[in-house]
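Labels for the chains are A, B, C, D and E, by order of writing; each one numbers its residues from 1.
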Amino acid sequence: MQEVTRDALLNKALELLKNGTVDRVLGYRVGEFSYDVTPAVFENEDALKKDFCWNSFCGANFSKYLISETAKTEKKLLVFLKPCDSYSFNQLLTEHRFDREKVYAVGVPCGGMLSGKDLREKVESVSDVSVNGDKVTVKTLFDGDLEFDFETLLSDRCKNCKSKKHVAYDELLGEDGEVLDSHRFDEVERLEQMTPDERFAFWQGELSRCIRCNACRDVCPACTCEKCVFDNPNSGVQNKAAADSFEEKMFHIIRAFHVAGRCTDCGECSRVCPQHIPLHLLNRKFIKDINSFYGDYQAGAEVGSRAPIVNYTTDDPEPSEAVERGHGNA
Amino acid sequence: MKRIGVFVCHCGTNIAGTVDVKAVAEAMKHEPGVVFSTDYQYMCSQAGQEMIKAAVKEHRLDGIVVCSCSPRMHEATFRKTAAAAGLNSYMVEIANIREQCSWVHKEMPIGTEKAIILAKAAVAKVSLNAPLTPGESPVTKRALVIGGGIAGIQTALDIADAGFPVDIVETKPTIGGKMAQLDKTFPTLDCAACILTPKMVDVAQNEKIRIFSYSEVTDVKGFVGNFDVTIKRKARYVNETLCTGCGACTEKCPMKKVPNEFNLGMDNRHAVYIPFAQAVPKVATIDPNHCLMLKSGKCGLCSKVCGAGAIDYKAKDEFLEERYGAIVVATGFNPISMEKFDEFAYAQSKDVITSLELERLMNAAGPTGGTLLRPSDHQHPHTIVFVQCVGSRCEACAEKGKEYCSKICCMYTAKHAMLIRDKYPDTDVYVFYIDVRTPGKNFDEFYRRAVEEYGVHYIKGMVGKVTPENGVLKVQGSDLIDNRQLHIDADLVVLAAAIEPDKSARPLATMLTASMDTNDFFTEAHPKLRPVESPTAGVFLSGTCQGPKDIPETVSQAGAAASKVIGLLCKDKLLGNPCVAHSDEMMCNGCSTCEKVCPYGAITYEDKEFRMPDRTTKVRRVAKVNEAVCQGCGACTVACMSGAMDLKGFMNKQIMAEVDAICK
Amino acid sequence: MSQKNDRAKEQILKMSGVNPLKCMRCGKCSGTCPSYDEMEYHPHQFVYMVETGEIDKLMQSPSIYKCLSCFACVDRCPRGVEPAKLVEAVRLTVIRQKGMNHMTADSIPALLDDDLPQQAIVSAMRKYSK
Amino acid sequence: MKVSYFPGCTLRTKAKELDFYARKCLEKLDVEPIEPDNWQCCGGVFVSAKDEIASKLSSVRALKSAKEAGMPLVTVCSACHNVIKQTNYCMQNDADFANKVNLYMAQDGGEFTPYNGETEVLHFLELLRDKVGFDKVKAAVVKPLTGRKIAAYYGCLLLRPNKVMAFDNPENPTIMEDFIRALGAEPVVYAMRNECCGGYVVTDDPESSAKKSAAVTENAMNAGADTVMTACPLCKYNLSKNGGAPVVYFTELMAEAFGLKEEQHVTEE
Amino acid sequence: MQVNEYKPLIVAFCCNWCSYAGADLAGNNRLNYPADVKIIRVPCSCRVNPMFILRAFQRGADGVILCGCHPGDCHYTSGNYYTRRRMALLFSMLDYLGIEKERTRVEWVSAAEGAKFAATMNDFVETVAALGENKRLEDLRCKK
């Protein structure tokens, strides 16, 4: 369900390169298969024409790359932002993590992205994928062509898309959308309704699968520390491997806490988790609590906003009442 | 590995009664790093301290744990002992085994067990202690007072009296503030000008004091002891040093219809003017909004008549940069706008006035020369209604009005009522009140005199509507005691408007990183114990910028602020608290999160060049803590997700070690 | 103190959404009320009497039909107490009882003059009957 | 511009001229009023009790139909405006109330979407001030009411409760005065312009309302007015009965200034 | 009556200016509370990093309590307001993970409230003791 085609993006990139607006392009490059998409920086027209890709598997959030890419050189970088990326983009600007002057951002509408990972798990030996309207045709090596509804392959995070509206761009391709009234907190609420024992069992089941590969951390656009506390011997919490049932809880709680008020809910953590741990449910819990205790706040909605966790009012709820309210009955 | 000594105090039987001190000392010997452990009757005694000093020398100790009473009692003592023994005084930790152990537990085994754990925690912490040195900073021996009302005047005079130079910055062309506009003062009824103007003259004549009138502070940098302040001297188009204040320019000025701010617009002044006769500095100012010469280039009369040649139509705003050791905020108050309270018909009738306007109407130097005449027709009013609490004590969420009590209205209204009845006994005076609040020396007596001797009618109730009709103000209000609605035909209605901080206070607070409450009053460092200091070191509060106050209170606070300033300026160097935050720039993300939670504005950012392993350089934004400003709360350390920000003396590692020791 | 009617009080507070404890007894509601002279109990008394639970007296008083619902007391109250909403709640408590309509459809024709607008009749039925 | 236009019961009976001239003037100002199908009476007065649901449904239906048409809801009569705007405020701010109302309305049958106060409610004067602009009104004047001294009577319904109505400064409003100026007349400001005329109490205690109305008109006349202008049929009734001042609707004055009055007259049916 | 042998381990973080002084006052007034409570002094409640709390649980604490100045009375003016937000969020998260919410607490104890300090500690110890040992958050590896 691409609203804007690859050619439109490519032409825009070529045009901006040609007229000197940008010197480099951050985009997606297709891998061995069309659903195997990786981020890449293109330095010239030829490289772009050859490898530039834009399809329904370009879900990865690129904003984090801006930190390292803009630090490398004075050259101006073109980046394409989906609505969800634009929130992370703003959040990084709020935290002074890259130089806005060095980036030219083009907003691209997004109709939801597919998950290559899910696809591979659903269908064996996929050789190619094509999307036509709301149908997806999957070519396989052995089972011939299979057809799916776009919705069924839609990646989990896109099913609960919070916004089709770009909050940052220099230029927009196509039409901008609206902030959506999503049901993203439904799952959190379901957990809140459980008994503590059920919740514990649920999380124990989920988190015990963690292999501490750090993929969630490495992909997270909010986890951009120069050095992570978990890698720092002076922090007192350095650890590498999951050694027992609590270690990874500590990791995930602290990670969620560190991104609380900064997490834009882009869902990358869960997307990349090889163990399918619904990590976004931790982040969403903080987002939901922040909204209900301190008023609605969307990280990245505007540059320079002050996150509720570094703010206060004199009549905030006490931690004891907050826990009660956190049960979804507020 | 550290060489730690542990000293367990008996405190007579205070500790030894419930804690087996020998067992504690013995147990500590086996802790990693402990090379010496002993117990003694009174560690804090001379002999006890000598014992510690000797042990430091003998066992080459570089860390000390004293198991004794609360650190709030004797931490300072043992730090001095350590210093005397040649150790850094911050290499001492106290295990509180008295207040938090022996005194609250009854059984010896339990007390002993807990004492051992507390001692272990202290050992764990001290083994990670690093020597700390308090930072030093010089003190610029000059103070800035922002605001030239009675608060600022008093503060400046007191500081100057102690021998320190002081600058006063005042936005108006003259100092004097609100008090200069008042007629008489309660509860003594002496004339405001008679007690204020001599002080203004003192300021003008004091060699230590410079007055920057018609000026404002536009930027503040630096910190306690060394504030760099930019002062904008607005162009007044009259050379201050040449002007003699003769007033010839004013007499000749053809622009006579400029509303006179000093009389709250109830009469007019000229475009070139001296606000009032006793103005300090007594120099003229040209109002560029009304001066014909400045607006159209045609006129120039004042320049022609000025014998001193002081008129300068080409004057420009000037910016001055000055350094100060301390800053006193004395920005004062204003009555709130009556715009949202027009049920009292303030906008509809000239005869509905605020109390401050009444002050001018009763003042001999006011628009009526001190005869009470109502503004609409200059007739003598025979029935006057005072309405209390207009805009004070409103619901917090109300868009109009203020939640607080303005404090001064009850008393000045009693004063007004009394003065009017005294001078014009044929006048009926009604005061509608909610409560009469008179907590001050001779205040209630004063109010009672208004009722008993002067026959002022005090009505418990509130006015709900004022209707001007045919030259009469029809006042409708309630009398709650008599349970009836009153209808009074009044000639003059006086509203006790709530007071609010001057509008200049909010941007100033931002410049000073001084905190304010929701009403824009400056917050004090401690509401009871440090009422004249702002939480920002080196910034002090004087007068109504901190909360509603009357004149005696303002003057005493002004003096208190001055004494705090003098105390600071007396020092040659400031010793900081060494337990301050510190950012590891290698790990800092430059994300500004710590800056947002710092209550003191102690954190700034700079772009710093780093050499990378591959020999390239990279510029990164990193946090920098100003140690002279940081108070060591640690809010930033938790806000910092990378752990770059840590607190000396309470490092993450140290606290974690304590946790581990306790939970082991 | 006369008899307290705590149940009615609770009902009235809930219905009106008013918190009488916010009142600082300034009397501005009664100072501004245009129907003061027609009332037996005045706006400030409504606030006070609801708080003390003296609901029955209020319910029996013709005062509840004298309020114009002009909301002057509501807007001018410095504490946001909203006395008119209490008067309304007491009135509703009365007319919602069986047979307690203050005005009935039968009595309308007598009121009609040529110019009386519809609106007056509709409003009156709303205010005076269930 | 198209707006959803709620006339209300009285504008169909005793206050036809208020409605008639309103429509005439809108024509001249390029605003097309669209009457919602099957609108019902707003109830005449807002009942502030939180548990009063049924009597507010008609207002919500009108609001909902305006939302579905994607237009602001414009009222002419002050009473309708007050009732509908207050109801809308409850729909926006009282979740419990909104929920109950939506449950009721779901029983109306047909496809149901909940209503949560999305519609913008405008009084005719607000429409002129905020959407059309008084400058455009002024431009449409062909017979300025020069020399007339008109006292605007706001009453209570347009202004209070201010938290909800947010119509103008409730103690010192200017919208009607600005309107009068736009028509070329001189506005007369007087203190009683925002006090109650006695309202519906005229049905129960005519003496009481007579007192209130007389105080208002007297204050206006003493301030030098030759005409009192109002937006409310009940105010007009009360004020006309008690005091010597001629009381006219604001739409009638506007029609006069627009030169529309002589041409057509409202006919009594 | 059955003797409860189980002794919970409680870590209490107390701010230097109010709660630590409140604890001292409890001592001065000889107000008893169980020795299971071990106090760690911090300059301000806002110095307490969620990592400290998790670490305590990880190493075998059964309950963690934070004490600071009453909101509005913070020595550093706003520190405890940040504490309040951070702990509200952290505690809600722990509860969300199924950890008994009774094991964590924030109390505001002023320097004058020695009695409150003792009462709070008595109550907290009793509450945690009733829950029994902290199995859910304990790190067995570190316990051996």
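Here, contacts are C-beta pairs under 8 Å (C-beta built on N, C-alpha and C of every residue); 3 or more make two chains touch, one makes a residue touch a chain.
Just so it is clear, the model here is predicted, and its values are computed rather than measured.
Student: Starting at chain B, find the fewest moves between touching chains needed to arrive at chain D.
Tutor: 1
Student: Enumerate, in label order, the chains that touch chain B and chain E alike.
Tutor: A
Student: Name, by label, each chain that touches both members of the pair chain C and chain D.
Tutor: B
Student: More contacting C-beta pairs: A-E or B-C?
Tutor: Between A-E and B-C, contacts are more numerous in A-E.
Student: Quick check: how many Å separate the C-alpha centres of chain A and chain C?
Tutor: 57
Student: So the centre of each chain is just the mean of its C-alpha atoms; given that, what is the distance between chain C and chain E in Å?
Tutor: Centres of chain C and chain E (C-alpha means) sit 52 Å apart.
Student: With chain centres taken as the means of their Cα atoms, state the distance from chain A to chain B in Å.
Tutor: 46
Student: Measuring centre to centre with CA averages, how many angstrom lie between chain D and chain E?
Tutor: Centre-to-centre distance between chain D and chain E: 61 Å.
Student: Chain C: which residues touch two or more other chains?
Tutor: 72
Student: At least two other chains touched by the same residue of chain D: list those residues.
Tutor: 195
Student: Taking each residue of chain A in turn, which ones touch at least two of the other chains?
Tutor: If we look for residues of chain A contacting two or more partner chains, we find 229, 235-237, 309-311, 314.
Student: For this entry, which pairs of chains touch?
Tutor: A-B, A-E, B-C, B-D, B-E, C-D
Student: Spell out the residues on chain A that touch chain E in their complex, using ranges where they run on.
Tutor: Touch residues, chain A against chain E: 188, 191-192, 196-204, 229, 235-237, 243-247, 249-250, 253-254, 256-257, 260, 282, 285-286, 289-290, 293-294, 308-314, 316-320, 322-323, 325-327.
Student: Using the touch rule from the top, collect the residues of chain D that touch chain B in their complex.
Tutor: Residue list for chain D touching chain B: 169, 171-172, 189-192, 195, 218-219, 222-223.
Student: Going by the contact rule set out above, which residues of chain A touch chain B in the complex?
Tutor: Going by the criterion above, the answer is residues 71, 94-97, 224-229, 232, 234-237, 258-259, 306-307, 309-311, 314.
Student: Provide the residue numbers of chain B that touch chain E in the complex, in ascending order.
Tutor: Where chain B meets chain E, its residues are 70-72, 96, 98-101, 103-106, 110-111, 113-114, 117-118, 121, 515, 523, 525-527, 535, 579, 597, 599, 631-635, 637-639, 647, 650, 652, 655-656, 658-660, 662-664.
Student: Taking the touch rule as given, give the residues of chain C at its contact with chain D in the complex, in rising order.
Tutor: Touch list, chain C to chain D: 14-17, 34-35, 38, 65-66, 68-72, 74-75, 82, 84-85, 88-89, 92, 102-103, 111, 115-128.
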